């Protein structure tokens, strides 16, 4: 026998010696690997998300928007309904930050008069008069987050007016109204999505997991709802809201109407996901070891679809915000005194007004930016939730 | 030159790397092998060992942006004037490589279900290849396609030619793929896991078919597989790859009867033997292929090697390729 | 194929009936009816109506009958082309909406064409040049298009056209052309008023389609049959056109079905803002005045447009994809 064949036989013997040992090791490795896999999955998602610059920017913008909405009443110089009639339809003012080389923000004074021919108000700035912008200034009282009475504003002026985005026909500061309006515009989507999520997640997971005639029924209902074009259906439903309802009631009614269509999408997506998961080994294992359906759904299926749920919720935000602003813009959604970006845009409906005072379009840009940010974020989250594709 | 002449294809020290966001994947790390005209080589290894990348490197079918052949040469002898060209030097989208693809080197793939476009009839897809490489008219090409379908054992060739792929079974589709590949009389057929996705009985039929067609068309075949059993019947020579490197090569008898490398020994032990009545479990090679991104110092197989685990070998460096008997090479520290 | 179409068509009938019931219930939802809202309007302008007149009006419009009877009267007219009677306009619903329906159909159709013509080449470019400067620019523009609401775009166009370009942007014709007899100039004027709403309506869909086309193509380019095609020795151009693009367009056709509701919604809103006689303005008006047969007919008509659009998309899909055709 040759030298190399001896070695070869020797290796075979080594394999046999270790095969018993290996089986125990393999077992141990499998359980620890699984654990490592579960934790590393979230880390991988996070790593992938962080690398996506637009998604991170979108996320930061959204965080900022909600922070501003939370402290809106403090941030703005005026309250929602504060009228300064002598300054109606005032164009946005220019803020000067430096005076004689020193940081000292100020605006120039405004003189208003009426054009004798057109009877329109015309404004001229008065370069002689500098009005310094003061920070943490006392102003109109308000309730922070609707709870804590306060009267300190982030910035403001002691005389004249500071108006970053101009004023409307009643002399109300657009900047203040847009910022305070964000509270409703941004939460209506959130509440709407939350509501869709509750209905959609429950029905979607249920129909995916149990199947049978209930699944069939749910799918038919979804099909029927989805065969309506959304905007006209929303229009018809919101038009049916009684005009004597209180603002709060209208607000919730609108979220309900919005989620009436929203949940179908969520339910469809989750059902598909659950259908795939149902066949996975870990669900089978749980079922074989006698876990109840409730246990399997709450301990296995919901956590497993969690990343999916986050993605879907983020991606449904834009359509909610869009729908609310479109409906309010048409005068069918929220009504004053409730103020959302869509409600603010009602003033822009009149073309003659809009052409004379184009800054009334400002709230629309906020709608666009928030939708853009949500789209960026949602897109990044979607990519991250699927960490194995490049 | 003289030495090259007896080879149809000769790969020297090929290195193909992928550049991913997470780092460089050294998919092929210095592979050398050669194929003689009319012979069959089996390229064996687990998934991820670089065997498919090697094959795709030959036809330059790798993604242009993320993948690069950084070293080595692939010498191929052309059909008409026996001119030898280095395929690593040609433009991967140029007309030269296109005149070789499908015409001189053909390829069939693992997934017969997805290898054919579902929206064109099989005839359309075969005839297209024939028309591309031959100066003939459509009716003649169609005749040729039908005769090719017959020669791969598809009885109803006249009706199958007008069928869409989804109406055929997996075995039928793989036969269609083979017919398409052989339609231009290539001198080399690369079969990338040709039977992996098929039922066991169909697997045997397809291998049988390949074997007889090889004789009929007198072509060389490079079969890539993770299953040693598949090529036991057919290959003249076997090359075993692990992590982008060749660990052992030799004739069929040499590798099967006298395997040297611990990895080859493990692979052979994992083949089920039909008729073996003992209740012994098949022994898998413990562990799995390491992270492709990791740069491994020393012996790449170390972590799965019984000799290393039982402290019989230090695995501290890469082993050179040694020829232990004529034509039988191994790269393992135990033998050097 | 015919059997498939017939099957799908028959399957639509129960859906249509359920939808018509829901539609009728929805337009009935507001408290009160047309007479109440008419009363309120008259009262607002200082007039009044006595109880007998109110009752007489209800009887005349059939509003005093049970809801099921009202529904049956309404729906049974549909097969005859009778969509009910508008209480406010005092005319058959169809006479009021026919022309507007035509404009809605025309604008939506052209917007769909615009979307496809623009998005497919861009999608192909983006997929083939993944992460290139051009791809990033198109991706960003796509996101922008996806994020600006259509009413906002319409308003911006109005302001821009009037203030910067100094042209009339609302309505179908310039004010000087409205009453002019038909001529080439008038036709051109009409075209000049039609392309902006078409593009505005198409922008959101275009953004979406580019993304889908890009994604599909990237998927398809990883498919085995693409490698097969390359391994045959085909030119890259042929591989892309014959094998990749042809396959990547298939899912786009099923997306077509999803684009239609958005087109309809968008035609309403753009019509409202740009004063184009789509179904939008009259639908809004009918909802406010509770002109229920008119509102109901419009809502139902739009839903039927959607159903038929989906059917057409399915047929087109079966036509281009043999795997579906043979099922």
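Going by the order they are written in, the chains are A, B and C; count residues from 1 in each one.
Operating definition for what follows: contacts are C-beta pairs under 8 Å (C-beta built on N, C-alpha and C of every residue); 3 or more make two chains touch, one makes a residue touch a chain.
Every value quoted in this text rests on a predicted model; they were computed, and no experiment measured them.
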Pair of chains with maximal C-beta contact number: A-C
Relative to subunit A, chain with the most remote C-alpha centre: B
Subunit A and subunit C: spacing of chain centres that average the CA atoms, whole Å: 26
Geometric centre distance via CA averages, subunit B-subunit A, whole Å: 52
Set of subunit B residues in contact with two or more other chains: none
Partner subunit C, residues of subunit A touching it in the complex: 54, 223-224, 227-233, 235-237, 239-240, 242, 318, 322, 325-326, 329-330, 332, 345, 348-349, 351, 354-355, 358, 361, 364-365, 367-369, 371-372, 375-376, 379
Of subunit C, residues touching subunit A in the complex: 15, 18-19, 22-23, 26-27, 29-31, 140, 143-144, 146-152, 155-156, 158-159, 162-163, 170, 260-262, 264-266, 268-269, 272-273, 283-284, 287-288, 295, 298-299, 302-303, 305-307, 310
Touching residues on subunit C, where the partner in the complex is subunit B: 223-225, 227-236, 242-243, 246-247, 250, 320-323, 326
Subunit B contact footprint on subunit A (complex, rising order): 2, 4-5, 7-8, 11-12, 14-15, 17-19, 22, 25-26, 51, 390
Subunit B residues within the subunit A interface of the complex: 20-21, 258-260, 262, 265-266, 269, 283, 286, 306-307, 309-310, 312, 324-325, 330, 334-335
